[in-house]
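Chain lettering (A, B, C and D) follows the sequence in which the chains are written, and residue indices restart at 1 in each chain.
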Amino acid sequence: MPDLYAQALDELAAVFGRLDSQEVDQAIGAIAGANRIALYGVGREGLQIKGFAMRLFHLGLKAAMVGDMTTPPVGPGDLLIVSAGPGAFSTVLALMGVAKQAGAKILVVTAQAGGEAARQADHVLVIPAQTMANDRPAEKAAISVLPMGSLYEGAQYVLFEIMILKLRDRLGIAAETMRGNHTNLE
Amino acid sequence: MPDLYAQALDELAAVFGRLDSQEVDQAIGAIAGANRIALYGVGREGLQIKGFAMRLFHLGLKAAMVGDMTTPPVGPGDLLIVSAGPGAFSTVLALMGVAKQAGAKILVVTAQAGGEAARQADHVLVIPAQTMANDRPAEKAAISVLPMGSLYEGAQYVLFEIMILKLRDRLGIAAETMRGNHTNLE
Amino acid sequence: MPDLYAQALDELAAVFGRLDSQEVDQAIGAIAGANRIALYGVGREGLQIKGFAMRLFHLGLKAAMVGDMTTPPVGPGDLLIVSAGPGAFSTVLALMGVAKQAGAKILVVTAQAGGEAARQADHVLVIPAQTMANDRPAEKAAISVLPMGSLYEGAQYVLFEIMILKLRDRLGIAAETMRGNHTNLE
Amino acid sequence: MPDLYAQALDELAAVFGRLDSQEVDQAIGAIAGANRIALYGVGREGLQIKGFAMRLFHLGLKAAMVGDMTTPPVGPGDLLIVSAGPGAFSTVLALMGVAKQAGAKILVVTAQAGGEAARQADHVLVIPAQTMANDRPAEKAAISVLPMGSLYEGAQYVLFEIMILKLRDRLGIAAETMRGNHTNLE
């Protein structure tokens, strides 16, 4: 395996070495206990959130992406999951405000534990990885081989997969059931 | 009202004057009787299909857009609704093939009654309007003021709204119920 | 043509009878004079904004939808076009704030001339039509046959088409040039 | 780092250990030499393709996602990049047919070197990872900890990032230039 791949995977491993597994378990509990689950993210973070949404749907949960055509309203008992890698995005904060006022709970996935989104969340899941908030450190040695927010987004991918495995076990969903929920319209 | 607006509305009125109301009723019956409803369209036609999907969801039907994150598979008892204004699109035909093989029924909305998509459909709803298949007639007087497929797409918009009204009455859904299904995450 | 279609078209005609053509011309001027044009809208309003974005692209303008993968940043000389039918949406206001701070101009399309989005806009284009802000009038006779925001959205469709015609003439774009910009990947 | 994360990263490393670096270089050459680049993928594969499209755009290349509002037509000199992890998808094959007939070249990313999409491609980039085509092996020990096509999709993520790094160097694009192309409308 050439160096760049190994370096990228090493950086991802280092992120998971710093991950707080209690936060992961709490996030899983919030998801398992929610009624409706709406998800939102911007840019490439949003793509990873979308992939997570699809797997939650495969698990049989009532998940929907904000912006899709068939997204219900949220209220008490529901959960909004957002990503705000660098700490905050204008539209993420806007939707958090709407959800909170409607009585829904909010899970923020972020790299910035002290960021504005995290401060307003009910549950915070910190992915301790470089984002565009800190991709220009003073010492060049500290910079990730993956540009901009790519380390955070790659860590999202792996983390969300592991969370799906844990949720599958917790909810007792068979692998074949997940497969059966996969669309054939491709 | 300036001339262009009036001309556009007159052209739309002429389309509805040529519409076969029996086809509309049959399409409504197919929708009302379906279990899951998946919808698909390309380009600007696809946008109008998406708007229709959202209103079907507001009616409480199990509707989903192909390409969204939470679209289920289709099979017997389900309905795939596609738009193929000029008669056919490669991806529309491809998805129709998948749906048919899985046992789902297909409703094709098109301007070309004899087009390839219509020929393979279970239900056809013809919107007799100009599309990119015939936006360059020999006589310039015959051309719509709306460019390319815009007359077809505008007619889709109005037709789908009227179909929603008819479905609402047929299914006995209250206006407040539809409103209650509208997302607040905007 | 059955009554419902005629009624819908009559309601649209009434909207255009109340439209301020000076506002339309000013909006067209803002678009023609902009460098980059970013567009955004939520829900079904957003679909009509997307259709407008595609036609602006067909005209050869540097248009991009917020949320698409290839949307550039905006700054001085650029224009953000948003829709806020009922006056405001949280994410619309959020993006307006970002654009304004970056030095871009903002065109708001809305049914509420005095709404929060309009108040913060550089250019306002009022579509005087029912939206979800006023779809439950005291007198039932005043309600549109089109439910919720459908009258506003239908008026968006027609208005944007007419604006494209005017822009085409103003910019001297041939119909064949527009057609040549249409994607074949469908 | 708990076991599951390590296991997922180990599986990814094994995929990259089997990767043909010549194929990667050829794919990079095809991208660097293309005029317009259109990209397409379905489901969660499609999300990773979208993330790649955004980074190609950040590099300053003329990239566009099929289905976005501002996607141009493709023809001679252009490149269509698609993903077909399990070998083929109906809509992927459909778009490949359109692109080929229009004279564009095609790069297929897949886990199935002998699949239908690969056979019709100009360039093939094989990611030797489990997909839904082989996620139910006879021996359970052979199955990835990541369900369904998740190993393939995760490998796409990392591979595309490394390809962006190589393209950045090859094209001589500064990190700050990439950053400057990132949208602020979030």
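Everything that follows uses one rule, which is that a contact is a pair of C-beta atoms (placed from the backbone, for glycine too) under 8 Å apart; a residue touches a chain by one contact, two chains touch by 3 or more.
Since the model is a prediction, treat every value here as computed from it, not as a measurement.
**Q** State the smallest step count from chain A to chain C, taking one step as a move to a touching chain.
**A** When the steps are counted carefully, the minimum from chain A to chain C is 1.
**Q** More C-beta contacts across A-B or across B-D?
**A** A-B
**Q** Distance from the CA centroid of chain B to that of chain C, rounded to the nearest Å?
**A** So the centroids are 22 Å from each other.
**Q** Averaged over CA atoms, how far is the centre of chain A from the centre of chain B? Could you give it in whole Å?
**A** Measuring from centre to centre gives 35 Å for this pair.
**Q** In whole angstrom, what separates the CA-based centres of chain B and chain D?
**A** 32
**Q** Where in chain A do residues touch two or more of the other chains?
**A** Those would be 42, 50, 54, 90-91, 95, 98, 182-183, 186.
**Q** How about chain A: which of its residues touch chain C in the complex?
**A** Of all residues in chain A, those touching chain C are 42, 67, 90-91, 93-95, 97-98.
**Q** What residues on chain C touch chain B, complex-wise?
**A** 1-2, 4-6, 8-9, 12-13, 16-17, 19, 21, 42-44, 47-48, 50-51, 54-55, 58, 89-92, 132, 135, 145-148, 150, 153-154, 157-159, 161-162, 164-166, 168, 175, 178-179, 182-183, 186
**Q** Where on chain D does chain C make contact in their complex?
**A** Chain D reaches chain C through residues 38, 40, 50, 53-54, 57, 63-66, 68-74, 80, 95, 98-99, 102, 180-186.
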